[in-house]
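Below is one structure, written out as structure tokens; the observations come after it.
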Amino acid sequence: MFTVAKNKTKRPVNPRISARPNEQSSQNADAFAEATARLAEIGKGFYARGWALGTSGNFSAVISREPLRLAITSTGLDKGSLTPAQFLEIDNAANVVQGEGRPSAEALLHLAIARGLHAGAILHTHSVWSTVLSGSHALQGGIALEGFEMLKGLEGVRTHKHREWLPILENSQDMIELGERVSKILRESPGIHGFLLKEHGLYTWGAGLQEAKRHVEILEFLMEVPVRSGAAQSA
Amino acid sequence: MFTVAKNKTKRPVNPRISARPNEQSSQNADAFAEATARLAEIGKGFYARGWALGTSGNFSAVISREPLRLAITSTGLDKGSLTPAQFLEIDNAANVVQGEGRPSAEALLHLAIARGLHAGAILHTHSVWSTVLSGSHALQGGIALEGFEMLKGLEGVRTHKHREWLPILENSQDMIELGERVSKILRESPGIHGFLLKEHGLYTWGAGLQEAKRHVEILEFLMEVPVRSGAAQSA
Amino acid sequence: MFTVAKNKTKRPVNPRISARPNEQSSQNADAFAEATARLAEIGKGFYARGWALGTSGNFSAVISREPLRLAITSTGLDKGSLTPAQFLEIDNAANVVQGEGRPSAEALLHLAIARGLHAGAILHTHSVWSTVLSGSHALQGGIALEGFEMLKGLEGVRTHKHREWLPILENSQDMIELGERVSKILRESPGIHGFLLKEHGLYTWGAGLQEAKRHVEILEFLMEVPVRSGAAQSA
Amino acid sequence: MFTVAKNKTKRPVNPRISARPNEQSSQNADAFAEATARLAEIGKGFYARGWALGTSGNFSAVISREPLRLAITSTGLDKGSLTPAQFLEIDNAANVVQGEGRPSAEALLHLAIARGLHAGAILHTHSVWSTVLSGSHALQGGIALEGFEMLKGLEGVRTHKHREWLPILENSQDMIELGERVSKILRESPGIHGFLLKEHGLYTWGAGLQEAKRHVEILEFLMEVPVRSGAAQSA
């Protein structure tokens, strides 16, 4: 079982299978406006913390489940001045349904996570902590986070004794190939709350945006701790 | 003697033993409104500094002493957008007297500190510094802070030669059991201004909110210093 | 080929070779007002991040190409309160054409970069990261940055496998001599996106201001990573 | 010769030896209002950077030279919410001439610097960097800062080849005794721009407030560099 799947009742956007086209379109418009306003605010906060410098990072939220529609950042944006108008609505194949601009090639990873985990929001950051730690621990294939109270900020975790495995995948520019590896790791590592791309950054998600934002903060914190402790020092 | 107990005259909220019910209720309402406005402001400041990420941390103030009433953060809040409306009023047994939501299980620790030390405010943060240091020094049962001018920011300390013992308690999810260990350490370590839960965070307090906020800043600073000095490096 | 030269079509300020004097003057005034408003905003952001403390750093943008005119910070300014009125317009020889104050002696380096790389904006920061790294790697004459996804934020870079050479030049107070060394390194290192002056800071540039700002954020990030990893530790 | 003394023409507040009493009083009131507004703004900025947490730090400016009058922070203030009304005017013996509250015991050090160096403003911060560095280098009696471009932000320094000696004095709670040691070090170390009190913090100054603020930023930066380089690691 995946963690997010356990929390279906919390999903802010319900799949509206039987909605009539017009109704759905209007519902999507509301969901899109609400999601992009919040995504822009969250993105600016991450930029301020240095987690999305230099146009890095991309952020998405599920607007409808059937058919699958995501609100996602257009590529190449300065996250320090992110606005709702800079988001796109994309379909299941990363085609732009609404909005100006081009989605990041990494939109395919967002879609893989939205489908594979029934996630309602997917956030991707590039922090110094994730860059350092994913480099120092790449050979181990991941890093185990255990014993920290902050683990309880990850959905479904009830004790600091939890052992969270944060997989590290080799980075790639081939998003088809990387998307397949991501889907595979999601299937083979039930219960994970995020993964790292080596010397690239963090992907995490949640049933909704608030949960996904919380997971970014928790995982960035839990990566900062070993780096500050000297566990990532090049020797 | 406990430090806080020495400063009774500074307590912003006086025990109003003989107040008539209606009068007291109105006094409590004023105290609750004032305390929660300030607590929300302080909490947002801690979030900005990275001391309360991902819904971590909880903050309380004594609203009345007899009967004991605390204003305390509801559980699971994003401290970056904390508002006075997100606080609860709880009684001596952590029952909610006023407000929407559920108190954190750690409310029992706040109550133990409010009772044991006659503290007027209790603040609990999760910083990277306290997480690293409480892990590296857990075997010693605490860390001694000595020689720093900043120690004088702790109530009652008059010289940098003061030796502050910051106990580190093993973390637990059993708040009854942990509450007892906290009460014991408070009794056995008169004069301490805070304690750490291992790989969890800092508890500190003050006669009033301003003093408690100052203690957070002082102790976070004094924990950052040894980590920056390499005293917590994993070898 | 220089990176910036490849992006001629993106230059926000076109050389207006055949413009009549009055027309040009009015066009320059608009370009100057627009550039200085944005430069002031960018400068305050860098100050907030600690990349331009204590009047350090200087920032410029090309206002016209023929004749060459730069908007550039006056010397000795507190970048935390930078305003458009604190910028000067200078010509090809660093003479002040417009504005109150004196350009930094380093204006000669800005002009060398504007000419040598056809850059539209030049940004110079003094961060702790660049100071530490340029000191620890001075003997190697530079530092190679390779394998990081963030490299793709540098104009023209398409893969994390890119190897970016960041040259480190010995610092000097003789701007004529240093300007010649800078021009030489720009000729001999085609494709670089910036360089360091030893224990001084970073110079980077872009076709326009937004690109130059992005390059600062990317290069500062990529310098912070090795310092945090311990690669710059004095042993 | 002292550095500050060389810049007499820059002093924002002139000694008004021959001013008539009423005139002087009105001039002082203006100088006091102007200085305290700026001091409050500077203090809040230092607090935001973590250089004046937990009521630490104190800030002053010379309001008149003959008789000597300083505007100085009252003791025990939260620097994050500093207001002009929280400043005192003190005389040559640290008696309060105007304002509510009590000056810090360290007012005597401010007076010693104002007299000994003809400084127009004195700023004292408690950063993690100065705490760590003054501890690690106390046995050497100071730290030499050399080779850094940022040194040029110190008044009168024209080249990065400058060697700045930053003395470290043993901390003390006896301000009479410490004031004498401070006066002695100022006499014996002409040209210094600041000094450290061991595991306490930085004192620096300037002909005016802007210069003193710049010196804080420069010296804090130059202390952060060796700590980040590992030069202060406990081994």
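Chains here go by letter, A, B, C and D, matching the order in which they are written, and residues are numbered from 1 within each.
The criterion applied here is as follows: a residue touches a chain if its C-beta (ideal position, glycine included) is under 8 Å from a C-beta of that chain, and two chains touch if they have at least 3 such contacts.
These figures come from a predicted structure and were not determined experimentally.
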So which chains are sitting against subunit B and subunit C at once? A, D
Where the CA atoms of subunit A average out and where those of subunit D average out, how many Å apart are those spots? 47
So how far apart, in whole Å, are subunit A and subunit B when each is placed at the average of its C-alpha atoms? 33
Listed in rising order, subunit B residues that touch 2 or more other chains are 230, 233
Quick one: label the inter-chain contact graph as line, ring, star, complete or other. ring
What's the complete list of touching chain pairs for this entry? A-B, A-C, B-D, C-D
Could you list, by residue number, the parts of subunit A that touch subunit B in their complex? 45, 49, 147-150, 153, 158-160, 210, 213-215, 217-218, 220-221, 224-225, 228-231, 233
Sites on subunit B touched by subunit A in the complex: 50, 53-56, 78, 80, 126, 128-129, 131-132, 135-136, 171, 173, 197-201, 227, 230, 232-235
